[in-house]
Every structure is written in C-alpha cells, then in structure tokens.
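Each chain carries a letter (A, B, C and D) given by its place in the written order, and its residues are counted from 1.
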Amino acid sequence: MRPSRRLVGVVAAIGLAAITLAACSSNNSSSSTTSSGGSTTGSVRTGGTLTMGLDENLAGFNINTSAASEYVLQEILDQVWPQPFIVNAALKPVLNTQLITSATSGGSPQAVTYVINPKAVWQDGTPITADDFIYNWQAQSGNSTYTDIGGATYDAASSSGYNQIATVTGSNPTGGAACDPGSAADRNVGLCPNGRTVTVKYTTPFADWQSLFGNLVPAHIARTVGWNTGFAGPAQTISGSWYEIQSYTANQSVVLVRNPSYWGTPGKLDKIVFQFFSDDTQEVPALQNNEVQLINPATVNTAITQSAAQVPNTTKVTVPGLEFEHLDFNEADPYLAKLPVRQAIAYGTNRQEIISHTVGEVASGIVPLGNRMFVASQPQYVNDGSQYDTVNPSKAESLLSGLGFKKASDGYFQPNYGPQSGQDLTFTIQSTSGNSTRAQTEQLFQAQMKAIGIKINIQNYDANTFFGTNLPNGTYQIAEFAWVSTPFPSGNQSIYCSYTSSSCGQNWLHYANPAEDKLLAAGSSATSASQETTDFNQADKLLWNDMATLPLYQKPQYFAWSNKYGNVIPNASTTGVPWNANLWGLKAS
Amino acid sequence: MTETSDLSPRQQRLRRVSTSEVGMHTLPEAVPPAGSDDEARYGMAGDARGQLATVARRFIHSPMAVIGLCIFFGLAVAAILTEMFWTYSYTSITNTLNAPPSLAHPMGTNSIGGDVFAQAMHGTLQDIEIALVVAVLATFIGATVGAIAGFYRGGTDTALMRFVDLILVIPVLAILIVLAHIVAKQASNWLWLAIIIGAVSWTYVARLVRADFLSLRERDFVEASRALGASNRRIIVRHMLPNALGPIIVNATITVALSIVLESTLSYIGLGIQPPNVSLGLLVDQGQDSATTEWWLFVFPVVILVVLILSIFFIGDGLREALDPKKNRVRA
Amino acid sequence: MTDATMTVDHLVVDFSTGDGTVRAVRGISFSLAPQEVLGIVGESGSGKSVTALATMGLLAKNATVTGSITYAGREILGLKEKQLAKIRGIGIAMIFQDPMTSLNPVYTVGWQIAEAVQAHQDVDKNEAMAKAVALLQLVGIPNAERRVQDYPHEFSGGMRQRVVIAIAMANNPAVILADEPTTALDVTVQAQVLDSLKTALAETKASLLLITHDLGVIAGLADRVLVMYAGRPVEIGTVDQIFYRPAMPYTHGLLGSLPRLDSQGAERLRQIPGAPPSMVGEMKGCPFAPRCPMRADICDEQEPNLAPVDSQPLDSPADGSGSAGSALDEIDDAGHVAACHFAGDVARLPVASMFPDTSADHEGVAP
Amino acid sequence: MLAYILRRLVISIFVLFLATILVFLLVAESGDPLALLRANPKIPHRVILARENLLHLNDPLYERYWIWFSHAIHGDFGNTVAGQAVRPQLVSHLLVTLRMVILATLISIVLALAVGVYAALRQGKVADHVATVTNFLFLAAPVFVVGLLLKEFVAIPINEHLNRIVFYTNGEQSPTLSGSFFSRLPDYAAHTALPTITLILVSYSSWAIYQRASILETLDSDHVRLARSKGISPRRVLMRHVFRNALIPVTTVIALDFAAILGGALITEIVFGWQGLGIWFLNGVNGLDINITLAYLLVTATFVILFNLLADIIYAFLDPRIRYD
C-alpha cells in the first residue's frame, strides 16, 4: 500500500518544503493576474460544487506548525487564510491586492512595508491588522521570549526569515483612529496593533521576504485557543479570505463554502470539497466514478495516466514540477571523496534513458535538469551542467583509469587504495522504499554503472529512517531523493554551504567549499531579485564543477479535472492547484 | 482464545490445521472422533514404511492433491529453469517498454522494460524460498515449544502458552507490520522477512503439538518407556514426537501456503520484499494500477500467486486426508 | 419361512474407499422368526455390524448394498430415507455398540427418549416425557423421574446403554438389532445391561438380532447362531449345534478361546493364529485357509459354500470325546449348515481341540 | 460459569498487559519518531525539545511505559507524535472499521454455515465440488487480491455499464454527505458493499470448509445414526441432530478467527481507502508512533478477547458437556 506517498515527496524536500509551505504559498489576488499561468478557460457561472481529491489526512489546521505542515493543508488554506503573495502558475509570487494594497521593500537595514486593505476582516468581523503580523512573527521567530498559551514553546514549522526580523510595527489605523496601546499579555505594547500599515524591519537582509507572512494566523483567536494545538477544526480556523471551512470530517473531507464576510470579489463556486484518499492511486477510479472532479495524485506513472486517459470529458495535464530528483554523493566515502569518481558517475549516468524509462512515459518534454537552484520551468533557469547532458561512458572510464583504478576481468574497476583496494569498486545507492519510480531509477542506474565498471548495490529504507537517520547521520554512499525548488532560492543555502558550519544542517554531502559559502550568502541577502538570481546561478555552476550532486529531472505533476469546470489552472508549486480556486466555476454553457 | 489450557475440551475435538491472518484462513480438518484412537489417528506410528506407502497411495488417489503437487512442483521447476536459462533475468532492462505479451516476452514488459515473465518466475522462486524457510522455522520452534509445554505441563506449560496467547489476541498481520518495520531498518533481506514471518507462525504448531503431547504422555507406551528409565529427552524425541508427526507435517504444508499469503501481503503494503528483488506480492502491488490498462502486469502475478497458494492448500488437504485413518474406516 | 418377521437374502455390501473397494459383506442370508433370538458372531471386521446397519439403511454413503431385505414381507432395501423412517424405531429398532457416543451429547436423556416416542406415537410432549420416565424405570434406571433431565455425559456407560435400550423399545418394535450391546462396557455391568435387554424383549415381544463376538452372551440369549468370517456366514445352527458340533474350523477356534464352565479339567484356552484376511479386492479360495489347521489344496482353490452338516459318526462309536457322550448324541443336524470342505470331519472333532493351546501369539487374538 | 469467565478475563488482561509491554519495547526501540523533524534545520530546536517533552522521549523506557499505562487504564491513550490526542482518532477510526467488520462477520457466518451444510449434503456431487473449489479459491487468494479483483473487474465495469455509481471504490462515505441517517443509508451502502464483500469472501471460505467437514463428521457419528434409527424425519435429524451438533466446533473456529478478520480488515481498508483502524495503525507504525500502535493493539485485542468470551458463552450454551468450573 502506499499511504504517505505524498508525504514522502514533501519530506524529501525537508528544509525547502518547510519554507515553501510556511511561507511562499499564497493566492493570486485577482482574475487579472492569471496571465502567464495559463489562459482562463472562458467564463464561468456562479454556483456549484467541485470535489477535489487530496492524498493525505490532516494533523490540525495551523499549517505553520511542524505537526500540521503538509502540502494538502496548504491546498485547503490557499482559500481560507490570508495570503499576501500568491505563487502563480508561472511560479512567480504575485501580490494579493485584495488583501494588501501595496508591499514595498527597501532601505538599509531592510524594511518591508505592507498596506492592508482597510476593508479586510476576518470571518468573525475582526479587522485584519498589524497585530496579526506581529503575532505571526513572534510565534515563528524561534525566540524563547515569546510563548504560546500556558507558556508552551511555539511549534513553528520554520523560523527561517522570521528569525532575521528585528521588529514588526503597525501604523495608520483605519479612519485615522489612534493607535491602540497594546497589552503586555499580547506582547504588542507600543507596536500599534490596530494599525493597517505594517512595517517589518530585518536585522540582516532577507532576499525572499515575499515568502513570509503567508497563511496568516488570526492572532485574536490564536491567543485564546493556542497556536500549537488550538486550530483543530473549523470553529477556530476562521477565514480571512474567499472561502470559509464549513465542516471537517477527520480523514474524510473538508468542505469550504463562500466566506460571507469577504470584502473583495467573491469566489464563484458555492462549495469546494476536498476529499482525502489514503492511497492516491485510488483517485483515478474515483474520478472515473465522478466521486471527485479534480485530482492531483502524488504518484504519477503510466498506470495512473493510462487509466485516467480512459475517463471521458476530462482534461489531463502533466506539468513539470518544482520537485527534482537527484543523486547525492557522500564525500565522506573514501572513493566518492575523489572528484574524478563523482564525475565518472555523472558521465556514466544516462539521465535521458532514466527519464525516458520512468517519468518520460507520462510527461513529454522532461529533460535532464541542469540546475539545482532553479528548475527548467522557472525563468531564472540556466543549464549549468550541459557537458553531462549526453552520457559519455568512455570519458567516465578514462577518469577512473586516471585515478589508477584497474579494470578487472569481470568488467569492474578495482581501486588501488583504501578498503576496496583490489576489489570491485562498489557503492550502495539508497532511497525511500515503496516508491516504484525511485526503485526503477536505481535499477537503471545500476545497469548504467555496470557499463562503466562500477558495481552498484540497491538498499532502500522507509522514509523515517532514510531522511531522519541515514541522511543526517551520513550513513549512505549514494542517495537518491528529491529537493523541492521554490521561487525563493535562499532555502538552498543550508544544503550546499560547508558542512562544517552548524547552520548548514542539510549538507549531508560532507561538501565544503568556501567560495560556495560566499556565493550562497551573497544570494540570500541580495537586495534585488536579479542579483539573487545571478548569485545562486553562480553557486550552482560551482556545484557542477565540484560535482556535489547530480540533478536528474523535474518530477512531473499530474492534474486531471472534469471539463464541466473552468479556470482550473495547474500550479506546480506547493501552493497547489487551488491557488486560484476562487475563480473556479462551472462553465457557462 | 486466550487461555489455551482451558481450551482442552475443545482442543480435544478440534484439530484445525491452520489459523492464519491475512487471509484469515482456517483450513479446517475433519473433526476427529471423541474416541481414543489418537495414536492411530494419523497412522504414523508403528510400521512406518507400510504406513508411508499407505499414505502415499491414498494421497495419489486424491485428484486435487495430485494436481496441487504437479502445479507446485511445475511452478518451482519452471522458476528454476527460467532463472537458469531464460533470456532475461528479473533485473534485466530492455528497450521494449510496456509491451503486451509476445513471444519474446511471454508476459509482456513493464514500464522500464523489465521482462515480466522473468520477474514473475523469480518472484515465485522467492516466495517458495521464503515459505520453505518459514515452514521449517515455524515447525521447529512450534514443535519444540509445544512438546516441552505438553510434556512438562505445570508452570513451564503455563508460561509458554501465555506467550503463545500473545500472538493469538493480536492480528498476526499487525505484529508482522511492527516487526517488518524494525527489520526493514536492518536490511531488506528476504531471509529477515522469512525469520519474522516464522516468528509469528509457530504458535499454531505449538498448540497442536502440546495438545497431542498432553494426551500422549498418558499413554501406555510412554509410561512404559518411563518405567524403563528412558530420559525425558528420549521419550519426547523417540516416542512422542513420531506419534505427533502426522499433524505436524500437514501443518507445515499449510504454513508454506500461509507464509506466502503473509509475505505477499507484506510486500503489497510495502513492508516485504523490496525492489530490485521481486516477489509475487510486490509484482501485484506494482501492477495493480495497471489492472485495466497494462493488464499483463497485474493479471499474471495474481494468477500465479493464487494458483501457487491454492496448489499448496490442495497438497495439504490431500496429506491430511491421506494421514487420516478415519478416512478408510469401515464401520463394522 | 414365510412367517419370518424379517429376512435377509444374499446381502452384499461393498465400500468404495481410497484404498479400493472393501467387500465388507459378501453374501449373507438368514431369516428371523417372531420372538426368535438370532446371534451373529465373528471377529471385528467380519461384517456383522455392517449387516445390521444395512438392515436399518444406516450405512455410509460410500456403501453399495445389493440383495434383499424384507420386513413384514416388504422389501425395504433401497427405500428412501423418508419411507425408512416409518419402519425404523417401530418396525426395526437398533441398539448400538458404543453407548458413550451413541447418545446425542447436547440433549437430555428424557428429550432423546421422548423424541423416539413422538416419532411414531401421536402424543404431546408431556406424555412423551412420562413415557420416557416409564421406559427408564423399565430398563432399571433409578430415580428415573429426575434423571430424564440429565445429559448423557452425566450417566455411566452401562446406564447410557440402558437409555439406548429404552429408546429402542420405545415403540414396541417387531425386531431389535443389538450391535455388540455389551462390548464397550465393563464386565461388571454387562450382566445388568443384558438383563435390561431381556426385559425389553419380554416387554416388546420383539425378535432380536444379537451381534456380538462374545459367545457367552450368545449362549445366554440366542436360539440360533450365525458365525461370520470375512464377510460371509460360515456356519449357522442352533446354539447346541454350534457349541457342541461346530462344523467349521473357525467356529472351533472361537469356542476354544472361550472358557467353558462345562469343560472338565484344566483345559487351556486356545488361540487362532494369524489375522483375518484383507477385505479389499477379490478373494480366492477359503478365506480361513491361511489360519486353518485342516487346510488342504482345495481350500486354496475353491471357496466352500454353506452346506448341510452331516456329523453322524462315520463309524461308531466316536472316539475320545466320550466325556460329553450322551448329550452330544441328542443333537441332530437339522438346519445346521457350514461352509467348509471338511464340515463333516470337523464336526466330529472334539470341540476346540484343533488349535494349539499356546498363548504366545498375542497379536492374533480374536476378536 | 461466571467464575470461569472472570478467570479467563483476568488471564486475558494479563496477556494483554504483556503484549503491550512487548509492543511498546519493539516500537520504542525501532527508532526516533522525531528524526524527520530533527533533520529539518528550519524547525527551531526548541520546537523539537517541546515535542520530546510532550512525548516523554527523554524519560527511561520503564517510566515511559508507566506513564502510558497509568493513563491508558483511565482511557487516555496519550498524544500522537504530531501532538494530537490519540483517543478521538481511535474512536473515529474504530467506528469506521466496525461498520465493515460487524457486517462482514455476521454475513460470513451465515454464508459459511449455508455453504458448508449445502456442500456436505451434496457430498460428492457437482454442487459440492463447485462449492469446495470456490471455497479453496477464496481461501488461497490473499485479501488484497480479492479486493483488487473486485474493484477493477467487477465494480468499475458495473458502474460504467450502468453509467452510475453502484459501488464506490474509495472511502467509507461521500464527503459531502448530509441529511438524516436514512437518507444517508444508500450512500453508506454503496461505499460499504465492496469492502464488506471482500472481507466476507476471504472470511467465509475457511469456515465453510470447516462447517462442511463438521457436518460430514456429524453425519457419520454414532448419535446421528441412533437418531436416524429412531425413525424421526430426515429433516428433524438434520436440524436437531446434525446441524445443532456441527455448530459446536465451528463456533470455536469462528471465535478464534476474529483476530484474523481484524487483520483482513486492515488490508481491505488499504485497498478501498477506508479510514479505519488499519490504515491509522499502519501510518502509526510507519511514523514510529507508539501511542497509536498501542491504542490499536489494545482495542483490537480487547475485541478479540470479548469475542472469544462471547464464543465461550455460546459454546457453553451449545454444548451442555462444557461446564466452566
């Protein structure tokens, strides 16, 4: 069975996923900004219900807690909690102008000013104010002076970015009213909590400031029920956006209906239902049965696409996603520590063959990925590893020979030093068990390495052991898993900066290069988007030179939906397809 | 039931061959008479060779058992031959992707060009290997524990049977899932899988042998051996065990079938055999989404799996009937 | 005998088993006159019980029965279960061998007797239960009123057998078949059960087909005796004929294994060596031949048929056996038949003198 | 009888207690449930410390067990690794599973008895052979195979043929279901049918085979022979003597198989995406969630024990020879 396939995917993205989930996803502001994401599919009428299949259950509604931070919850909250920026289908963050009329960044030290729409209110009528920004910053700052109700430590899925904020203050309360004094209990004394303009001052520059304050938690509720565990259901999870949660049946469904308090353009559909599937492969039969009308299964394989192809009157779309598979080389290994060995593996890996035998069967146009910071569908993408685009076994063999390794009669190279001296050069590749695409990739890799004289063993572990133990402890040689790229590349810093630094917690590679550290730091604190892109692309080039990891391909995302509905536009980011659900509707016939 | 010792009135009457989980299968056995012909019950005592011939003759006269035997050995031999001589191995990767059955690939190919025939045959072999290890392991542990409990009774019996009860109150599959999870951390080796399945499969044999021993130890020939000064060990091994051999053999056969069920179920839920190794359960899991499209990925493994298990049940049933003297009893 | 209550004619019973066809009964004919007690003796497996069960139509499904069985002049072999039910219990009743298993463990004894009563008598439950109490008293169960409420497992073996007898006599049957009624019981209670059986016969005026391997029981109850061996009757005669002029070596053997109160001196018990033949497949020659001290070549070739016994001395006076002298001379051979090529010779031999008196061959003890 | 049942209960609870210790140790030793969180540098360290405290991960094992045990006997099963209370989850998943299991058990029993009796009475005839081969087929087919075949080759084609949903293939009810219980009933039925049929097919087969054997055995028994010799009607023989007595051993078999039904339900839930105990448990084990694992163990074992006690009572009722003392 496969519960948690998606979880595996999300988990694979650990650090980045957390950032993505906690911060980057937001909803598009209005109908006009759908330009590059795809065309609107014609006019839709008001009313109707759409049921979408989701493949995980929920563990609470506060997505900003580590306990509940899941992709599926983001898909629900896209339409429920206020999102200052929404990542559109072109993977660019776009300001949600119905909520924030303007957001500007500048100055040194960096300061960001948000102007909240004066009409913006929570479902219960409480205005959305600076207090909500103050509270959300405090809760996710990782600072121990701020505590949840009962003195509990705030459970924050990520404090990244928030921990660089010095202050959050309000100003300009509605209608020129005076600032509230704030209260000590609420820790907002003197911060003008009722202000409708919010100023966020950073201690150090944070290039991806747009990723913060997504999924804004209602402060007035959170202070009563508690951040950590208070958001257990619809009663607490009040809406500050297009739709409110009408009902939640654990493990079953979440039903959204229009938020009557919404101040902007209301959503088209009367009702959006999210139905949970314990096994995402069951979503196609459910689509076929018209139990759901929109699916986005985590598992994408021929079986799914072919059976979905038999469902009439549906649109099926495969989109390259932000998640990319890669090979991770542990340089603590005496052989993988040698650059020529890593390069030989990279030259011997026929990425094109891997693609055509796996994801290429379900999605066309997937190419070997040439960048770790940006995927091919992002505008910032540059192919930095073009010399590895085509497989080059002779080059691989000459690199190994160059090290003094001798090819034995069984066709495998034998090292002249270390523990495998005089034996066949052997590596174990590991990944998460229960993922057939990864298993197939490993098998193909095994065959390809055999061709250049490297013996590969395959050994997979459950996700908990693989991500929780083997990777962090460095108990692996070659690992195959996915990172999730985001529109906000700063998340990559902790993966590729020198492992000797404690802040580089996801560098399990034992990779260290001071030049790389410098580029990553510059990129993360860049004040302009173009500078950020340049720095990170340079950092990536260096990683290709050092052959730290070998990116394989972008994982395709698969969407299928009933043709009765219009304005459904796939979005490969972790915002998910409901990024513009407020525009979904039954086609006006 | 949780308290085996109190089951005796039932156990006297019941002699189920198996209790399993996954399939939740109980292969029942005819209820033996309440009489006292235990010793002759499975006809293994006494003139061993003659009895063996009788058992063999009866077995051969049961068409289902013979069919089962032929299928089982047919599959096993086919799997071995395929492993040795077939063009492709189960790890082979060809450039023929998702091809329906053809002469080159009798069961088609999968999405990376693997030959399904080679995989199905390797899976069959893998399943049989695991099942045989499980059967040997479970029978050995079960017979030992059951013999000791039934022979010594008292505190030893109570302690051992309470332990057996542990496994009776929880679904076997649940225990296996917990164990498989731990084992998966060590290594995804099929031998480990066999060991954990064996670790939960021996309790039925233990109960069976214990019940037999409880009645056997009251029998004259045991008393006689004891009077002659034979050691406990000798009495257990030389005198009592041979008398309990019939049900043990039948049960071992059923254990083979049940461990294939358990293994394939574990593989189906992702806790059993891991790729690139294959088992039939894993192939079914991988092929289930293709059931209506690339049907060959699903249908062949399913059919082989069911036929394999079925054949062993038939063998077990045939053995049980052949070893059952009531079968040929004529009322006179 | 047209006035016979029941006749059995050329009855053959085969069982098909995994080991082949077992020829359990290979042709048996006899008739039962009103109130007559016919004993059938033989070793285990000789076909005695099968004969009785065939008569009741109670054989297992794998049995093939041919021949003829008539009751009250009507052919009952091949009747449907429903029609048989009208005869069973009221026409022919049966007492089974093992009282430990022949009662249904889940019903009270009273219930089971009452069920038998109600099967053929139009009485209500209370009346049936009252009848059950009366029957239990008749067969000698103390405290019958209370004990009808007890379950079989609360009774001893002897008591249970009396309950079975009570069931058998519940409807005053014309014939009672008693299949080894005392075999499974302790010697001490056998006599009591036999008393109950006699009471039952006296009450019901039924004929009795008494199947046993216990010649003592036969001697006490039977009018005539039929000796079976390997599925066939090998000797039929009155009790006196069988006991004093056995004309078949096998009968000699049986008698030799029986302690006789009328014998004088310290005669040793004698054994029949060997074991009965397998009943699977065809037989050639006399089935007793392998164990027979008088075996001749003809015995291996030809199975002897039942033939009248001529036991008159070839030349008088008979030698050696003068001890029983005058009594023996009074026995005539009317109706005495035996299946032995040397029946006449055998009948002239002193009883039970044919077999060696060693008791070593423990294995071969019959039955 | 009461004393016996109480004694059984005490021993069962003792066994259950042992089982919880065993499983507790197995799960506790199998890894760190927070490993994934720890591997994520974005999560502040204090968050992880707080979670450790909530789950008592830093206490010695015996103390953790005692904490669990002392709460569990008061019906508090602690928190999941994600920090939520276990009990409400347990209840909701249990209700889902019971819906399928109770229905399937009852129907399986009836079906098994019917098929068993029918096959036994037709012994050696075509009907018997067909029934027996069918029984063995379902005996041999693993649960997931039966479920998948029903789903792919029965339910979906029927739905497509009739162009409406007769059988739902996923979930225990439609997400938007509302209205009174009776108006929801058809939806429940359409969701429950397939999984229940799956569970029935894999459960009934062994019982039917056993029932057939038991009937044949009883048919051949001395007491049935005696009953027939009384001259009572064949129908009465069958009902009062054969069927009644053959039920006794079958009762035990069914009772002993209840744990197996719960195991089968686990797989059925996975195949049909039911949010029952099984999936919950499996996810719990995968997440090294001790409290979920133990709660599942406790509740299934309790059901098995109760079911067996029930069987004991029925058994005593069916067989007067059994006196539990």
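Heads up, the rule we're going with is that a contact is a pair of C-beta atoms (placed from the backbone, for glycine too) under 8 Å apart; a residue touches a chain by one contact, two chains touch by 3 or more.
Note that the coordinates shown come from a computational prediction; the quantities given were computed from them, not determined experimentally.
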Self-check item: Most central chain, Cα average position
Solution: D
Practice problem: Out of every possible chain pairing, name the one holding the most C-beta contact pairs. | Solution: B-D
Quiz item: Distance-wise, how many Å sit between the C-alpha centres of chain C and chain D, to the nearest whole number?
Solution: 54
Quiz prompt | Between chain B and chain D, centroid-to-centroid distance (C-alpha), Å | solution = 22
Practice problem: Please report how many Å separate the Cα centroid of chain A from that of chain D, as a whole number. | Solution: 39
Exercise. Quick one: report the Å distance separating chain A from chain C, using the average Cα coordinate of each chain.
Key: 92
Quiz prompt | Overlap residues in chain A, where contacts from two or more other chains coincide | solution = 1, 462, 465
Quiz prompt | Touching two or more other chains - residues of chain C | solution = 53, 60, 101
Quiz prompt | In chain B, residues with contacts to at least two other chains | solution = 33, 181, 185, 268-269, 288, 292
Quiz prompt | Interface residues, chain D side, partner chain B - complex | solution = 4, 7-8, 11-12, 14-16, 18-19, 22-23, 26-27, 29-31, 136-137, 139-145, 148-149, 152-153, 156, 202-203, 205-207, 209-211, 213-214, 216-218, 221, 248-249, 252-253, 255-257, 259-264, 266-267, 270, 281-282, 285-286, 288, 293, 296-297, 300-301, 304-305, 308, 311-312, 315, 321-322, 324
Quiz item: For chain A, which residues are in contact with chain D within the complex?
Solution: 1, 3-4, 11, 14-15, 18-19, 22, 49, 51, 57, 59-60, 66-68, 142, 144, 152-160, 163, 228-229, 232, 249-253, 255, 271, 273-279, 282-283, 285-286, 288-291, 462-465, 467-469, 471-472, 494, 503-506
Self-check item: Interface residues, chain B side, partner chain D - complex
Solution: 1-3, 6-7, 9-10, 13-14, 16, 19-33, 162-163, 165-166, 168-175, 177-179, 181-182, 185, 257, 261, 264-265, 268-269, 281, 284, 288, 291-292, 298, 302, 305-306, 309-310, 313-314, 317
Quiz item: What residues on chain D touch chain A, complex-wise?
Solution: 31-44, 46-47, 49-51, 80, 82-84, 88-89, 92-93, 96, 151, 156, 159-160, 165, 168-176, 269-275, 279, 282-283, 286-288
Practice problem: Would you pull the chain A residues touching chain B in the complex into a rising list? | Solution: 1-2, 281, 284, 299, 301-304, 306-307, 310, 357-358, 361, 433-434, 436, 439-440, 442-444, 446-447, 458-462, 465
